[in-house]
Every structure is written in C-alpha cells, then in structure tokens.
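The structure appears below as structure tokens.
Labels for the chains are A, B, C and D, by order of writing; each one numbers its residues from 1.
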Amino acid sequence: MSNYLYILWIPLLPLATFVVLGLFGRKYFAKTAGIIGTASLLTSTLLSFVAAKQYFFVDGKVNGVYQKIIALKYTWLQFSPNVSIDMGIIVDPISVMMLIVVTSVSLMVHLFSLGYMKGEERFATYYAFLSLFTFSMLGLILSVNIFQVYMFWELVGVSSFLLIGYYFNKPSAVAASKKAFIVTRFADLGFLIGILIIGFYGGTLDIGLLIEKFTSVQSPEFISITTASFLGASMLTWGLVLIFMGGAGKSAMFPLHIWLPDAMEGPTPVSALIHAATMVVAGVYLVARLFPLFSMDEAALTIVTYVGAFSALLAAVIACTQTDIKRVLAYSTMSQIGYMMFALGVSKNGGESGLGFMASMFHLFTHAFFKSLLFLGAGSVIHMVHSNEMKDMGGLRKLMPITHAAFLIACLAIAGIPPFAGFFSKEEILTAAFHENKLIYGVALFTAALTSFYMFRLYFTIFWSKEAAAKTHHHDAHNDHGEGTWTMKLPLLILAACAVGVGFIPFSQFITSDGAALETHVDMVFSIAPVALSIIAILLSASFYKSHNSKSDKAVAFFGGFYKAAYKKFYVDELYLFITKKIVFPFIGQPIAWADRNIVDGFMLLLANTTAKISTAIKGFQSGKVQNYALYFFGGVLALSVLFIYIWK
Amino acid sequence: MNLSLLILLPLLTALLILVSKQLAQIRVIGLVGSLAQLAAAGWLLKLYMAQRAAGNAATHLFESNTVWFKALNINYHIGIDGISLAMILLTSLIVVAGILVSWTMEKLSKEYFFLLVLLSMGAYGFFISLDLFTLFFFLEVAVIPKFLLIGIWGSGKKENSAMKLALMLMAGSALVFVGLMGIYYNTHTFDMVEIGKMGISLGVQKFFFPFVFLGFGIFAALFPFHTWVPDGHASAPTAASMFLAGISMKLGGYGCLRMAALMPDAAHSYSWIIILLATIAIIYGAFATMMQTDLKYINAYSSISHCGFVILGIGMLNKTSINGAVIQMVSHGLMTALFFAAIGMIYSRTHTRMVAQLGGLLKAMPFISTVFVIAGLCSLGLPGFSGFVAEMTVFMGSWQNPAGVYRIATVISAASIVVTAVYILRATGKTIMGPISDEHALLGDATWNEKLAAGLLIVGILIIGLAPFLINQLIMPTTDFLMINIDKTLTLK
Amino acid sequence: MSSTIFILLRQELLLSLLIFLLLFIKIGKERSNESILNIINVLLFINLAAGLFGSSEGGAFNGMFTTNAFIVLEKNILNLAMLLISMQSYAWLKSHKQLAEFYLLLFTSLLGMFFMISSGNLLMFYLGLEMSTIPLAAAANFDLAKRKSSEAAMKLIISSAFSSGILLMGISFLYGTSGTLSFDILTAHISNNPMQLFGFLLLVSGFAFKISAVPFHLWTADVYEGSPVAVTAFLSVVSKAAVLFTFTSILYKVFTPIATVWYGVLVVLSVATILIGNLFALRQDNFKRFLAFSSIAQVGFILIGISGSSQTGSASLVYFVLIYVFSNLAAFGVVSVVSALTGKENISDFKGFYKTNPFLSWVLTIALFSLAGVPPTAGFFGKLFLMMAGAAKENYGLITFAALNMVISFYYYLKVVKAVFMDENEQPIQKLSIPVITKFAMYICIAGIIITGLASMVYDYIYSLSIGM
Amino acid sequence: MNEIPLTHILFVSTALFFIGMYGLFTRRNIITMLMSIELMLNSVNINFVAFNKYLFPDKLDGLFFSLFIITIAAAEAAVAIAIIINLYRSHQSIDVDDATEMKF
C-alpha cells in the first residue's frame, strides 16, 4: 500500500532544510533561516496530519484492526543474503501518533525560537540543527528495521549533542553536551549488542519479521534463542534487556538519567523539543515498537516495570528540592517517562490486558503537549528574567499574564486534575497498574501527589510569592519586551489549548497494542484517590510558597539529611565522576598509555640498544695488532677443522 | 585499460617534477598528475563495473602477465578485483588531497613532491600486482619515501621517528620475504592466482603463515608491533601523515587479507591469535588514545584502534566480517587522512597541537573546525559517515562467527566505541569548543586548496556513509570469491 | 693453434700490452698528468670493449688456462670496475707524481686476477693469487707520506703472506693426497678423508681471508682505512670479486664430492660474517672503514648465495657483483672526490652535505640504498636473488637470520643518509667542483644501479651463461 | 741404508710450520716476523718435495710448485722489505706494536 509514500516528504523536508541552512546558512540566510525552517516544518506538520487522517479515518483499519503498513522499504546495506539494513517507512498507529507529536511540537518550538533566538550570531546554524534533529527523530519513528532505529537513534543523539553545546564557548554547556552524548552512547552500546543478539538468533533485522518469528512459540528461532542462555538468563532476556538499556539511556531512566538535568544548558526551546517532548520518549517508543517481543519475556518486562517505577519516584523526590526551574522540569520529565515505562511494563500484548500499552502511549501523547508548554513557558520567563533560579523570580503573573495562564493550565494538566489532558492518561496508567501490581500502583499514586506538589511549588514561586516581584519589576523597566513577540505567545496558546483538549480524544479507539479498538471508561470512584491526593498536595505547596513564609524552611529542617541528599540528586553524579575520574582514567587509561611508551615501545628500544651495546662490547676483537689478526685467523682455521673433521662429518 | 598506467602516471609526474624549477610549476605538475591518477582510477571503476555488469565473472579483470625474471619464474602479473580497486580509489583520492594540503610547502619542495608521488606509485603497484615478488617489490618501494619525508620535513624528534618507522617496517618486510621464500620453494611460483589454484600443503601453511601475517601486520599496526605508528604519524608533515595512515597502513591490511586467502587453513588454525591481538589493539589503542594530549598522537593511536577492526574482520574469516574489514580500510583511510588534514591546518595556524593550548577554534575558523568535527564524528562511527558502515559490518560479521567465545571479543571491540566517543568529544570539546584565546581569535580560516582537499575526502566519506550499497556492490563479488577459497579448505579439514 | 691462443687470452694480452705501454710512458718524455690519464682511460675503455666482442671457449697450456663465456663476462666486469675506478680517482691522480706506477701496480694485480679466474690448475691459481696480491700491498702504501698508509700496507703484506702460507699448506695436502694439481683430475680424487678435508679447509681459509669473511677479515678494515681511496675501492670491489669468482668455480667444479661439507662451512662463515660485519659497521665514523665493514656484511650475503650451489647461485653471485661494482664504486666515487678535494673522510663531516652538494648527495644516497637493498635500486634484486639461491636449500633459519640482519644493515646505511639530508651543520663541506670524467663515471654507476635491477635481461643473460654444479 | 720414512719428513715440515707460526705470533720485530713466515713457506716446500719424491715420483708437479713458491716468496719479501722501510720512515721503528694506529 504505497499510497503513503508521501510520508517520505515529512522527514525529507527538514533534512533538506538542514542541508541548505548548514551549507549556505551563515552566508545567505543569516536572517531568514528561521522563516525557512518554520515554513518547511509547517509543511511536514500538515502532511503528517493528512497522513493521520488518512490512516485513522480512511484506510488504516481493516476489519476493525489497524494494520501495520510498510509504505517503503529499500535495502541500504546488505550484510548477508537475508540480513540487511533496510531504510523504510512503517505506518501504524504509534508511528502516526508520534508523527503528529513530533512535527507539531517541533513546529511550536520553531515558532517560539523565532523570537527567543532572535539576534543570535549562529541563528542559521541553530535552525539547521533543529531541522537535523527533527529529521532524525522522524526517521527514528518511521523505522522498519531495528538497525534503522539504531542509526537514527545515534543521529538523534548527536543532534541533541550539537544543540546542547550550542553556546559552544560556555564551558558548562560543552561539558553538558559531552556528558549527554557519552552517557547515551554508553547506553547505545547495550542497544547495539542487543541488536546483534536478536539479529543473530532471528536471522533478520527487519522488525516485522523479528516479531513474526519470536512471537510464535514453535518457531526454531524462538526455541534457539530461549534455549541458549548466558549467566542463567536466556538470550532473549539478554537481548531485550540490552535493547532496553539503550532506551533507558535516551529516556533518562535510572541509573542512566544523569545527563538530562545538565542537558538544560541548551537553549530552552531545545529543551522543550528534545528533552521534554520527543527525544526522551524515544526509549518508550522503542519498547512500544518491540512490545510484542518484550511481551514474550516476563523477566525483561519486570525490569522495565521496576526501572520505570523507581525512576518516576526518584525523579519526583529530587524535583521537590531543585531550585533551577529547568532542572525541576527536567526531573518531572524523567518521572513522567517513568510512568510511561512502567505502564508498558505492566501491560500485556493485546486485548483488555493491553491497557497499559495504550495508557503509556496516551500519556506520551498528552505529556508531549503539556511538558513542552511548561518548557516554553519557562523559556519566556527566563527570557524575561535572564535567570534560571527561582529566587530571582516571583510575582510575575501580572507582568506576563499569557505565560501565567498557560503555565497554570500545564501544571494542572501534569497534576492530573480533571478535565485537563494529564488526568485522562494518568488515570489509565493508574488503572493498569492497579490491576497488575499493587506495589507499583502505590508508588504511582505517591509520585502523582509529589508531582502536583513540586509543580505547584514551581508555579507559586514564579508567579506569586511577592517581594521578589519588585526587583523584577524594576529590572523589567529597563528592557520592556514584556512577553516577547507574538511568535513566542502563539505557541503557548496553541499548546495550552492542546493541554486542555487532547485528553478528550478517544485514544483507546486508535492506539492499542494489537491495533483493535479497546473499550475504556473513566471510573469516577477509582479516580477519587489520585485527584484528592493531588489537590491536597497543591494546597500544601500553596501554603508553603504562595506567599513567602518560613513553612518551607521548617519542612526542609524536618527532612534534614534526606532533603540534602535529594538536593544533591542522591550523589549519583558524584558516583559516576568517581568511577570515571578515579578509576577508569588513573587505573586503566594511564597504565596503558604508560605501558605503551615504556614497555611495548621500550622493548623495541631495548633491542636496538642491546645491539649497540654488543657492538661496542666486541670492538676489542679488532685490536689493530696484526699478530692478533693472524692468531684469530689460525683460531678460525682450527675451529673450522674441529667442526668439520670431527663433529659434522 | 592497461593497469600499468597507474604506475606510469605517478612515474611520469615524478620525473616531470624532477626537471621542473620553482614551486609554482612543481605543485601544478603534482596536482595535475594526481588528478590524472584520480581520473584514471575513476575511469577504471567505470570500466570495471561495466565489465561486471556485462557478466564477466573472472576473479581479476584487466589482467596482464608479462615475464619479468624468466630464470626465477618472476612475472609482472597485474590485475584487479573489487578490493584492490577500492584501495586504488582510496589511494588516488588521498594523493590529490595530500598534494593540495601541502600546496605551500616551501622547503625543498621539489624533493618533497617527488617523494610523495613516488610513495603513491608504490601503493598503486602494490594493489595491482598479483605476483608475490612484484607485490613485495612495491611494498618496499613505499618505505624509503616515508623515511625521507618524515626525517627531512617532519617536526619534533623526527629523525628517531623516521628511523623507528623505517626499521620496523623493514623488519616486517623481512618477515614477509622469508614467508615468500617458503611459498616459492613449495609451489615454485610467485603467482598468487596459480598458488590459489594449486593450494599449499597444510604443514607449509602452518609454518609460513605467521611470517607473512606478522610481516604485513607490522605495516597494519598489529599489536604489539604498532609503536612506529604514533611517533611516525606525529612527526610526519601533514601530507605524509595522511599518506602513512591513509595509504601505507592499508598496504598491511590488504596484505594480511591476501595472505589469509592464500593460506586459509593456517588462517583458520591461527585465527584465535589474530582475533586476540586485534581485540587487544582495538581496546588498548582506544584507552591509550584517551590519555593523549597531542592532536596528532590522538589520531595516531586511534588509528591503531581502528586498524584493529580491519584485523579483527580478517581474523573472523567470514564474508561479512571481511567485507567490513575492507570497508573499514577505505573508511579509515579517508577519515584519518581528513583528520590529519584538519590537524595540519590547525597546526599551521596556531603552531601548536597541544589540546590544552587550543580552544574555541570554531569562532576563528569555522570551516576547519567543522572538518575536524566531521572527522571526529566519522571516527566515532556516526551513522551517515563511512565509519559507522564499516564498524557495524565488522560487528555483524564477527558475531556470525560460529565459535561463541569470539562474541566476547566482539563485545569488547564494540565497547571501544564508547571510549572512542570519550576521546573524540574530549578533543573536540577542548579545541573546537570552549573559550578561545585572544591570539587565536584573529587567525584566518581555510584557504581554497585546503577547502578543496577536505571537501574531496568528506565527499568520499559521505558516499560510503550514505550509500554503502555502492561500495558493497564493488566488494561483495570479490569477497564471495575469497570465501569460496577459504570455506573450501574448511570443509576439506 | 697459435691464433686461437691469441683469441683465448686476448684480455690478458691486452692488459699486458697496457702495462708495457705504461712503462714506455714512464720512461718516455714528460707528459702532463691529464693527458696521461686521458690516454689511460681511453685505453681502458678499449680494453673493456675488446672483451665484449666474441666469446671464446677452450683451454691453453694443456689445461692450465681455461676460459669460457662466463669467465669472459667475469673479466669484463672486473675491467669495467677498473675503468670506473680510474675515472673516479681522476681528481686525486691529477696532482700525483707517480700515477704511472699506480696504474702499473693495479694493472699487474688485475692481470693476476685474470689468470687466477681462468686457472685450471692449483699452481696457476696460486701464481695468479700472489700476482694479484703483492702489487696491491705496494699500492696500499701509495700515499708514501701518510703514516696510516704504510701501516695499512704492512698489515696487508704480513697477513696476506701468512694466509698464503696457510693456503699453500692446504694445497700441499691436497697434492699429497691426490698427486695432482689440475682441477679436472683432482675432482676424481676428492673424498672426505681427514687429511684431504684438512687441506681443503686450509684452502678455504685462504679464500676466506681474501674475501674477508669472519674470522679471517680483521685486516680488511685497517687496510681499507689506511690506503688511498682508489686502492680501497679496488680492494673492496675488484680483488674481492675476482676471488669470489674463483672460489665459486673451484667449489662448484672441484669439490663437488664434498658439497655437504663446504655447504656447512659456508653457512657457518656467512652467519659469522653477516653478524660481525653488521655489528662493527654500526659504530664506524670513518667512511672507508664503514664501507669496509658493510662490504664484509655483503660478503656474508654472497656466501649465502653461493651456498645454494645451483645455477641460480653462481648467476646471482655474478649478478650481485656487477651491481655491487656499480653501487660500491658510486659510494667510493663520492668519498674519493670529497677526500681528494677536502681531505675529509668521516661520516660526521658529511652532515648537511645535501645543502651544498645535492648531486653528490643523491649519488651517495642511491648508492647506499642499493647497498642496503632497497627497491627500486638494483641492490634489492641482487640481495634478494642471493637469498633466493640460498633458500633453495630450504634452510629457513639461515634466511630469517639474514633477512633480519638486513634490518640492522639498513640502520647504518640510513644513518649516513640521515647525516647527509637531515642533520644540521654550521660549516658543511663547501660546494665541490667535480671533474667531468668523474661525474660521467657517477652517471654510469647510477644508470647501472637503476637499469641492472629493473631490466631483467641482464640477469637472464648472466643466468644463461652461468653453470651450476 | 734404509731410507727415511715420509712421516718423519712430514713431522719435520709440520714442526717447521708451527715454529714459523709461533715466531710470527710472538716476535715484535717485523723483519723477524717476515722471516718466520718464510719458515712456514719453506715447510710447505718440504711438504711438496717430500710428497713428490715419495708418493708420486713419476711427475714433477710438487717440485715445480716448490720452485715457484721460492720465487714468489722472494718477490713477497722484496715488497715487504720496501714497505717496512717506508714504515720505518714514518714511524721511526719497525716494532709491530708501534703500528697499531688503526683499530676498532
């Protein structure tokens, strides 16, 4: 069914933009780059909406089940007769859904950046990188081949590296970009090996074929991979866990999350795009894409579940303590992705029990909007205050009403207050968790409360708590760009609308693990608990932060050491630093470098020197006395005679 | 097309350079000559593809066999298959780039260009010859120019480096020579094709394979005989480093591959050693690189690590892995040449190669910095660049090796890509990004010749990186044939 | 009958004619050195040319003197070397009073070598040997004023007298056990009874002394250093080549029955020679002394080639010697020019030589590369073919040893190149004006170095003439 | 009278040979060294003559050989003496140990 071929243009347009801006941007499009980028992306966005319409409402569904459609497939690199890297386009519910998410959020960011990045020296480069990222992300979600996923995966990583390091002469930015790349790279190593394992046993790299082979219990591939085992776990588990490791790296799951907070060094719109809405959910998408495989292996799913849950909790706790608004948002992102992960973890493939899958996708969808909204809001706040620190803010609601409204909506959404988007998706997740695993459910519930607490902590400290306002006011008198240009306000409004609206989409009709529609109903009784908790949490934080008072300090004092630990992000960074700086470098790198110079090369030198030494040692042989010469001569004669007359004859 | 053209063109160029007078004249001749080589190589590719498309299934095309030393049954037997053609293309590309980057070489320019061209001639001859003696002849032809290039135009402790390089390479070729003698007196011919047909008895293979493989291994920076690489590359002038890493290390890899195909039984029985050494080289080279502070040393050590992949691919002895090895040779040639070119450009402006003394160059010289970053990304195996294709193919191939233990080797080698990321980003972060020092802020960007050189290499890298099926199409049939040879003996045992 | 003798001995006769001519020149009226030198060089050229025309097969003086195409070729090579030497020592001889004597001595020695090469009889061989040695001792002392020169001469005469004593003892034993001196008959009587073996070994040591194989080589370095460059060149190329030719033909023709024994002897000698030669060459600074040791190492390789005891063996030997003539004489040519014009003979003096004398530097470099055996120079082929010949015995330990020693030799040759090209020097040797004829000689050498290797017909021609055993 | 067996003569010649060699190795005076070399040569002569006389009396090869040896020895001595004289001129001595300028 190649009448989806036009989807090819959705990634190609940003690519073209990247090439054009990358090559000629600095010279010719220094000013107009933004317009070009936005325009081309607008086109792709429209295209993806067209695609969505066609798929979901016209011809995607065949007798009640949404089909996986391979719109395009081209063999890119042949390894051996049936193992090859194919470039292609898959059209199925999740990919189309992701198309919508990525293009629209990206479009919003492009739009926002027009104002936000105005007057930057490397304006064109910025847009080139944005387009590169968008291209790679789109390529990633359209992949038909697991190796194609890996390739775009890497590209996404590098474009995020480039964007984080956009302010390249700021050492902290450079460090952050390096950290992000290396940590994810480390995770990708797992991904790669996972691919090697799965591909080896599956005898193919094509996702469709892999699923086909590994979901039938009798297939020789399945038998061979499950019987083969290493260190007690079956190769299937190994493969899937390693692949999940890659996903965890990109999606900042514990313990590979350390790069995400630092990644906030990048321009805020970038954070909104990459580190809130799109790239960080790649891990979730990967698991979802391979979900049939995961569903065949209990162990792997369990790992996914607990990693997700733990990350969600941990991040929420840390978020309560951070003072840099972007870092707070970063941790909230991490925790929300944790939700998606364990939602997948508790799910089964197909049918009613596939609720988790659908819930996770749903949350991914809604989260994309309100989280990017939060970031953009934060962006315009920072744009105004020129600082990321909460203490520099306060009482801004008068100065920037639109931002204020948008931000509030987003907070409500993420806190899961009906009727905002977050409520619906989170509801499904909690339901799924409740049915599968009570412990997880408990964690999720607690996390939900925490979430609303720290989100409103953020909200109140920025927009209320008075007296900092005066300072800002005064400060603002000098640069009165208010909330910035309309290009900055418009995205806020649109996203706000989404944050309210998208929750009402009957998501389960479209996106489920097996493509068949799934009947879900919002159970009012069930929702009481979470909603109530959230509201309590909101009130609590209101009492703490709405107006400046000492309650919060008391609370801090109450938690004491725990607060400290949380504030220091539980010392995970320090641990990593210790391992690299104190173990890898001095105990592996240095010795090898030393050995290479002194032992390996030293050996060669030794050969040379010994030769020289010998040659000096025997120089007395040539004494200059003709009689000795004659003597040696005669000695030679005797030696020869003895050798050849008595020994070797 | 007569392959001897590939030898005659450089020869002619060299002679013209000898008779020409001042720099302008010399470099123009050099450039024209190298472009002619490039054109010839391209034309050759076209013809080759046409022949293959026409269904010519001969293992070697454009074969010609003329008696050289009749008494000793030494023939000037030349011909190319996909692999050698790939190498030839690589060589011609790098030669042009090398000539371009040394455009403003003032010191003894005549001798300099003469030697460069001579070196390229050796490489071409090596890649086209099917007669072991001729092969060996050209192998050694390529050694002396290196010595002089490093010793005369180099920097740092150039004499020692030049001497070390020359002696280690000579030791390598000495070993190769012994091996060749053994082959010769057991088959009474130097002709690779004939030997391939008649095969060599197991005992002989077992005895002589180590000689030849080690010998060529030294050229390919096989651990622990790699120590000539860092010093040699670091001391050499830019173009010479490009040639060294880009071309002459490939002589080794190519030789290893041919020898493995010539003595498959021995290759099979020794493969575990090969794999072991390769794996060590890969990870060890990577870690050693992490500790370097001189850009050229960084690239030199990373070359050790990357050439490890070549050896690994050969050692795994299956079609995919050998494909990967070949692609890696081409890819590494281009990439490392590009890297050295970028380093040379930076050095010629800042007069330092110390990472610590550099920073924020992106501000002053965006083009050069971009080139540097591209080279870096390619070497850490980013998709879209050649490095990714090569490494992935090697990994896929080596994973398919029936012996499960070798998967550990694969995993370790794969782990090196993380270390690679570390040192590449370290270098980039320190030199290209970060704050720039005042005196560097005023430096100019690349000149037209440098841009052209870098552009050429980048195009090469991208072609492989974006359309690997092209090079695959070129190499695959040849590897298929090699595999027939290699597997046949496997069944025979 | 008589006419055939004239054809068979034409080279010897021509040479004797030259000698007489020199005597007349000497006693004739005073001429300028230049004119004499030119006359001599022309005559030498004629002499060389004469050898090239018409080969001849046969013997004279009932088997005492035998010749064939191969031997003629060998003699031609010697003639060529003689011509080159004389052309290169132009600068030195131009200002020398007794140049006539110089040529007298060298020609006489050359004549002796001719007879030695084509000797068919131990007596004849002995006569030729002495005839070639004694004049050289005198020639070594040709720089009468120099202390070193006379010391060198003394060392040469004493040790060569001693060696010929040993050699004679050997011959006497051979005679005692076989009762004949003529090679053809002798072959039949060769067996390995101890006395005969002992005689044989004494004979071999005599040869080993002349070709300066370890441990009979010790005179070489001192004599080379002390004597004038031209004489050194003659010693290192011509006399060595002549003895090698004879040695090979005697081994192959006469001592066939005990081939296994002398194979062993050759292996032992070659290993010792290569190793010691290299180790000593590493440390030398005096250029002539350096070349002395390097040439000792070369002899080691030659011995490997001979040990192959096949047609390839003898062919490779002659081929290598031809190349060796070109390369070594090119090197000596440079040294002789430099020492004649500046008196400097040390490698350290050659630092920065390239800045002032690019042409000489290139000649020297190419020559050294050829000696080291680097392609595309002929030395590469020469050395490789020697080793191939040796490898025919499938003794790969020996080959490996030799191949690895090539690396050492590489080091010291490259050290000179390094000095010439790379080392800095405040006062390098000033720009030298080279006599045209010398320059011409150098061009010949370079051409030889390049062509002899790449043009296979040279080797094939030699091979077609040569004989195995 | 019974004639002397060959071995006796060979014994004499061998003794003579090694006496000569001993002289060559030990004496410092170059002239003396030259004389001892002559001794060695003469022992060879004795060998030749003896072999000829006892084993192969019908042909005179050995005899001739010894004749030639004598002649050449004379020539050798002549040149050697000349050289020694020159050495004396430059070194003011004919002690072999004084002529060890070139070594190593």
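As a convention for this text, a contact is a pair of C-beta atoms (placed from the backbone, for glycine too) under 8 Å apart; a residue touches a chain by one contact, two chains touch by 3 or more.
All values reported here derive from a predicted model rather than from experimental measurement.
Comparing per-chain C-alpha centres with the mean over every protein C-alpha atom, the closest match is chain B.
One simple way to say how far apart two chains are is to compare their mean CA positions; for chain B and chain D this gives 66 Å. Separating the CA-averaged centres of chain A and chain B is a span of 37 Å. Between the Cα centres of chain C and chain D there is a gap of 27 Å. With centres taken as mean Cα positions, chain C sits 43 Å from chain B. For chain B, the set of residues touching two or more other chains reads 167.
Residue numbers of chain A whose C-beta contacts span two or more other chains: 608, 619, 622, 624, 626, 630, 634. The multi-chain contact residues of chain C, meaning those touching 2 or more other chains, are 154-155, 158, 162, 221-222, 283, 411.
Screening every pair of chains for touch gives A-B, A-C, A-D, B-C, C-D.
Interface residues of chain A facing chain C in the complex, by the touch rule stated above, are 608, 611-612, 614-616, 618-619, 621-622, 624, 626, 628-630, 632-637, 639-641, 643-645, 648-649.
Only residues 122-123, 126-127, 130, 134-135, 137-138, 141, 144-148, 150-155, 157-158, 161-162, 164-165, 168-169, 171-173, 175-176, 179-181, 221-222, 225-226, 283, 289 of chain C touch chain D when the two sit together in their complex. Those residues of chain C whose C-beta lies close enough to touch chain A in the complex are 154-155, 158-159, 162-163, 166, 192, 194, 197-198, 201-202, 204-205, 208-209, 214-216, 218-219, 221-222, 261, 264-265, 268, 276, 279-280, 282-283, 408, 411.
Residues 619-620, 622-627, 630-631, 634 of chain A are the ones that touch chain D when the two sit in their complex. Residues 67-72, 74, 137-138, 140-141, 143-144, 147-148, 151-152, 158-159, 162-163, 166-167, 170-171, 174-175, 177-178, 181-182, 184-185, 211 of chain B are the ones touching chain C in the complex.
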